[in-house]
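Order as written gives the chain letters A, B, C and D; numbering starts at 1 within each chain.
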Amino acid sequence: MRAPLSTAIAIGAGIITLLGLFIPVEPITSLRGRLIEWAVLLAGVAGLVAIVHLLSVHWRKMTARRNKNIPSAFLLIAFALTFAAGMVLKPGHPSMQKIVTHIQVPIEASLMGVLAVTLTVAAIRLFQRRSGWMSFLFAVSAFVFLIIGSGLLSSSANIPVLKDILAAVNALPVAGARGILIGIALGSLTTGLRVLLGTDRPYSG
Amino acid sequence: MITILGVLGLGVVFLAAGLMIILRMTGKDRGQPAFRKIAAFDDLKKSIGLAVENGTRIHITLGKASLAQPFNPSALAGLAALDRIAQISSISDRPPIASSGDGGLTLLSQDTLHAAYRSVHAPELYDPGRGRLTGITPMSYIAGTLPIAADEDVSAHVMIGNFGPEIALVTEAADNAGAFSLAASDSLPAQAALFASAQQPIIGEELFAAPTYLEANRGHAASLQTQDILRWGVIAIIIGGALLKMVGVL
Amino acid sequence: MSEIICPYCGSTNTIDALTCLSCNKSLYDDVETPAGLPQQDGMEWLNTFRGLESDSNASPSTAEPGSESADAESEVPEWLARIRARKVEEAPPPEEEPLEPDELPSFINQDADLPDWIKEIKSGDIPQPLEENTDNIPDWLKSLAGEDNLPSPPAPSAMPGISLPDIPNDLPVEGLDEFNFEALTEKASPIGPVDLPVDTSELPDDLFDDIPADQPPSAPDIDRPDLDWLDERIETGIPRGGPLAQPLDELEWLNPPTTKQTELSPSTEEPEPAEPAQLPDWMFESVEPTADEIAESAKFDFAAPGSSLPGSGDEELISPLQEEGLPDWLLDDEAAPLVPGTEYLPEGSSDIEEAQMPGWLHAMRPVEAAAPNLIASEEENRIEASGPLAGYQGVLPGHGVVTHYSKPPVYSARMQVTDKQRIYATLFETLIADETRVGAPAAANTTTPQLVLRLVVGLLMVIALLGVLILQPGFAVFPTLVPPESVAFYDTVQTLTAAATPPRVLVALDYDPSLSGELRTISTSVLEDWMAGNSGLAFVSISPTGPALAAELVTAAAVQSPAYISAERVINLGYLPGGASALAALANDPTRTAPTTMDGLSAWDSLLLQGMTAVSDFDAILLLTDNTENSRAWIEQVKPAAGNAPLLVISSAQVAPALQPYVQSGQITGMVAGFMGGAAYEQLTQSPSGPVRGYWDAYQGGMLLIAALMFIGAVVFGIKKFVRRNKKA
Amino acid sequence: MAPDLLWTFIAFFLTILVLSYVMGDNALFRLVMMVFVGISAGYAAVLIFYQVLMPRLITPLVTTPLAANTALVIPAVLGVLLLFKLSPRLSILGNPSMALLTGVGAAVAIGGAVTGTLFGQISGTISPFELSGLSSAGSVISQLFGGIVLLAGTVCSLAYFHFGARKKNGENTGSQPVLIQILARIGQIFIAITLGALFAGVLAASLAALIERLDFLINVLKPLIS
């Protein structure tokens, strides 16, 4: 067996956490709480380790003999400045908040704006990419909900049955969403169990 | 306090686990179970083959779900797919790269690559630089993934994990680079965006079938069979419950 | 899309069809892929990729070696027994009777190991030539039956498809010295190619060269079992000397015909090409299996007059192969100094050691390579008798060469293919086309138009939106029909803020900066209403950027509420690490989970939160979200702990459909989703200058523009596809 | 220049550079993306340090006696082991830490899937059939009809994802029983409608973001122009 110690830890921790959820009796519950807290801490450390790894990848790219990646230098500089400022000022400082509101927000919101163009182009090209009645229904549904979402139909309060029709149409996606969500839950259940049964051991590297 | 829901929940978990174990054991005698065709996975296999033959790269991106979060199974399914893809493309000149938007997931992707290469007796292929964190926040993860699509001679992108709809930016970049893209997410908005933008979108729980369709071990097939059995159980419960509710029993 | 033509009715079917849609007959009825063939880990996909999905299991290379060798062992005794029986009884060989498919040796019955197209040929065409051959057999078989040492006669039929070229790679050469491979070659069956993974068109033609022209075609089935075990051993890689040794010993009886053949005088003379009419049909049938040969037959007609055939002559051999088509090791042999077998040696060359030439190599040595050298040897020995070069040796003759070379064979360009062959050629082409389709997707060809389309659409949208935002034309009508969940939201806020005691609200901020524009715009009006009621707001976030966004949000909302003292009525509990997992802890014990404010002060001792110990102590929970998964966690984990406190949700438009089930089930008390919900809320509050109202023209115009573009795209590409399909039809 | 104005200009230029991606990929856009990744990583690292590790691990270990914090020794050790993941040779030492993280994560996921989604959605699908509280026949029929549509959509959508296929002669035919095929077809309709609705929602959200950004640009430029 590969990585027996790690597998035992994963299975043991998983079973305790699971039991603690379904059978909330002491000491399982407190043990579960503790394990989750440890997991959160470890996720934090893993985040730091991965960030260091990210920096090392870009350092390698920047210092490569061939095909030097200059933008990687900007990444490293941006990181260094932010990290240094953050360590000195702490996250609650207004200047640190400005980094979020005046750098992250504009960039992320603008990327989201670009996504509007990307998705519009994707919608236009939908039938170029694939045909079939599922695509057709998808397109019709998207079109109808774009019109509904624009508020154009909601402006006509005088039409008698419009409200009922809109309510019925708005309820339609719920059924499909339920089916998808239940299916995903079943998939999550079996995937999680694969880890707890030791079939999947992604940590055994 | 022990509740009925808790006991029921535990029962469901034990039922699923039991089914997986039984199906896995009996599956050894009955051979590979039959599953319906999913064209996207057929195309993925072809793309992997072409990537291996052409000496181009395969990029697997695992999403941004933290391992400590309840919606991490999509990432776990992505890791299983990564393991399989790494194995079958180990003969390629350019081993695959894995990207993710969470620290824990990044480390697991490195571990998975390491384990996969060891399993095919080629540990020398392992390079931790091929399991990368591209960004720590959801959008910076996408921002960091875009250059991979554009610059790293990738011919096939496999996106299995938890994404937002912004993943469409990556599929578009892949499309512009003439690369194949297969995308699956457990997030509903992302699925909608991917349905329109990815070359081969995977809908809903099909994402959990990726390892099985990539011919991973019997455990994955048993897990898919269990899913099917549970599905019909849920359907029966829904219909029965509705009838009982209607007559006022429930 | 790729199609399969039904071999029965000729109608087209989709590539994944198993039975014909018209005649309902199986498209692969003669393909019997065995059940439960073990899949070789990781290799099936390669077959799939090559477009041979259905063949993947059938390929001998993917078949499980263990099972194959087991099959081989079970088959060997049959043929051995038969041969031995013949030896003992000297009875007419049972092979004289036409063989039923069931009786065929294992390698023929192992359909599972064969690609479909080979199986088709095998099942459809093989039995007939077998019968024909057996009709021809008796004469020579009878003659051979008298030879005690020859239980199986040397078959003159060349084995065009035998995997002999693989042998040098798989077996040590010195091992092969022990037996004469030529004999095996001679004894090969014309059905042989179907058992082989290699393309017969790549085989060197000299595999056929040692066939005496004067010998009639033999019944190949007699020797088929021999090849059966050989092939199996070669494929399974059983080391020679072990299991292989025994059959080799048993094959020693094969030597006489070989010896007999080597005694044939080598001839540099023009061989007599066999008349095609005299050749048995199986020789042509045997060429049929491989798709490459189908293509090859376009430039080479086996039956054409003037062309030679396998077994028709020694040197004058038809070679559809070009040199580059030969394996390297064969080319090397050609390039090497000629070490011909005794039968080819001219006078004066007899000093070359015979033993250095292994039999198998001899059998495969291209004749084309030998003949010019023979002439060259003669030339080198010739002494010029006249002219200025008189007395010189090795002078190029002016006329001699002409006499040595025959007129090159005329190859017919006419393709002689059967319908079946054409079908399989088409199928093969389709498979290749499929193979190249993926990975070099159409996107590569459409990149430029796509970029242009993107540029045009992007500019159109940006310019249109900028124009509307700048000009504010006011064409859009604000919604008057309000969704019930927005009404419920509004009612709850009004009820709570109208109460005597200012409400205390837990504001969960769970959105990324990417959607802060949308959520800030929607929630500003709502927060203004809460502030108007002097509500206490406790912000908490499971997003790292949440605290900063919360501060920004409060600042924006407070502008419209100057009387509201944010410093006293707002508290920022900061960021909860652990994401959704932290919510369970928050639901259980908020004082422990979020003990301090962003400034590091004790939160639960503050004036605002004094006396509160649980989530249920809050009057309401307001969730601002752009994320379905985290919303679910708030709904499923925190809401149950909140008791009667209503859960109000302000969501991005992108998650609204996913949250609808929770609205319907009542877990969410009220919801404002997207600009549409924001507009509805502002409509309910009768706010004349709400932020959503300011964007309404641009929003509605943009949505309608996208819908129109989508419609146009659907029509244009739909028509394009329709026209293209009609053209194809 | 006032600091606020400086920040506003930074935001303005960043917005312009990112929106330039509408015209196609360009070097400046890439540069901004790299800066963005660096800044977000730096900010996240600071947050992890100050909001996770300091209050939950480092401070308790440093300020209180070890005996009172024995439970924190384990995550501390596991955290240190995780640092070995930075070295390819020693990375195996970090495996137990990753195993704990994965095991707990899997259990959390199972719990969420079963109690959260599975039970929640099943109960949500059944709840419209609660007719006892309804007074008029019209509302009963209306709710019943809605409930049946919802139930049919949910069941058929679930059936669409059925993976099993029939075997013929031990070979995978890829085909499914007729009943499942019919249900799956109906399920496809509901799924397509759902995805279409979600797509419209995503478009609406991203359009809102674009409008907000363009409005921001206009607001920055307005005073300059006037």
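Quick note on the criterion: contacts are C-beta pairs under 8 Å (C-beta built on N, C-alpha and C of every residue); 3 or more make two chains touch, one makes a residue touch a chain.
Only a predicted model underlies this, so the values are computations on that prediction, with no experimental measurement involved.
Of all chains shown, B has the CA centroid lying nearest to the centroid of every protein CA atom. Set side by side, C-D and A-B show the greater C-beta contact count at A-B. The centroid of the Cα atoms in subunit A and the matching centroid in subunit C are 31 Å apart. Chain centres here are Cα means. That of subunit A falls 14 Å from that of subunit B. Subunit B and subunit D, compared by their mean Cα positions, are separated by 15 Å. Multi-chain contact residues of subunit A (touching two or more other chains): 18, 21-22, 36, 39-40, 42-44, 46-49, 51, 53-54, 56, 91, 96, 100, 104-105, 107-109, 111-112, 114-121, 123, 126, 138-139, 142-143, 146, 149, 171, 173-174, 177-184, 186, 188-189, 191-193, 195-196, 202-205. Of all residues in subunit B, those touching 2 or more other chains are 6, 9, 12-13, 31-32, 37, 66-71, 73, 76, 104, 107-108, 110-111, 114, 128, 134, 136-137, 139, 143-144, 165-166, 176, 186, 188-189, 191, 193, 195-196, 199, 203-205, 224, 227, 231, 234, listed in ascending order.
Under the contact definition stated at the top, the residues of subunit D that touch 2 or more other chains are 19, 22, 30, 33, 36-37, 40-41, 43-45, 47-48, 51-52, 56, 82, 85, 91, 95, 98, 101-102, 104-106, 108-118, 121-122, 124-125, 127, 151, 154-155, 158, 161, 167, 170-171, 173-174, 191, 194-199, 201-207, 209-214.
Contact residues on subunit A toward subunit B in their complex (touch as defined above): 2, 18-19, 21-25, 36, 39-40, 42-43, 46-51, 53-54, 56-57, 60, 104, 107-108, 111-112, 114-115, 118-119, 121-123, 126, 129, 138, 142, 177, 179-184, 186-197, 199-205.
Within the complex, the subunit C residues that touch subunit D are 16, 18, 32-36, 451, 454-455, 458-459, 461-462, 465-466, 469-470, 514-515, 517-518, 520-521, 544-545, 574-575, 577, 580-581, 596, 626, 632-633, 636-637, 652-658, 661-662, 664-665, 667, 674-676, 694-695, 698-699, 702-703, 706. Remark: subunit B residues 30-32, 37, 42-43, 45-51, 54, 66, 68-71, 87-88, 120, 137-139, 155-156, 162, 164-166, 175-176, 178-180, 186-189, 199, 214-215 touch subunit C in the complex.
Those residues of subunit B that touch subunit A in the complex are listed here as 1-2, 6-7, 9-10, 12-13, 16-17, 20-21, 24, 66-68, 70-71, 73-74, 76-77, 79-80, 83, 102-104, 106-108, 110-115, 128-129, 132-134, 136-137, 139, 142-144, 165-166, 168-169, 172, 186, 188, 191, 193, 195-197, 199, 203-205, 207-208, 217, 219-220, 223-224, 226-227, 230-231, 234. Against subunit D, the residues of subunit B that register as touching in their complex are 5-6, 8-9, 12-13, 31-37, 66-73, 76, 104, 107-108, 110-111, 114, 126, 128, 134-137, 139-140, 143-144, 146-147, 150, 165, 173, 176, 188-189, 191-193, 195-196, 203-206, 209, 212, 224-225, 227-228, 231, 234-235, 237-239, 241-243, 245-246, 248, 250.
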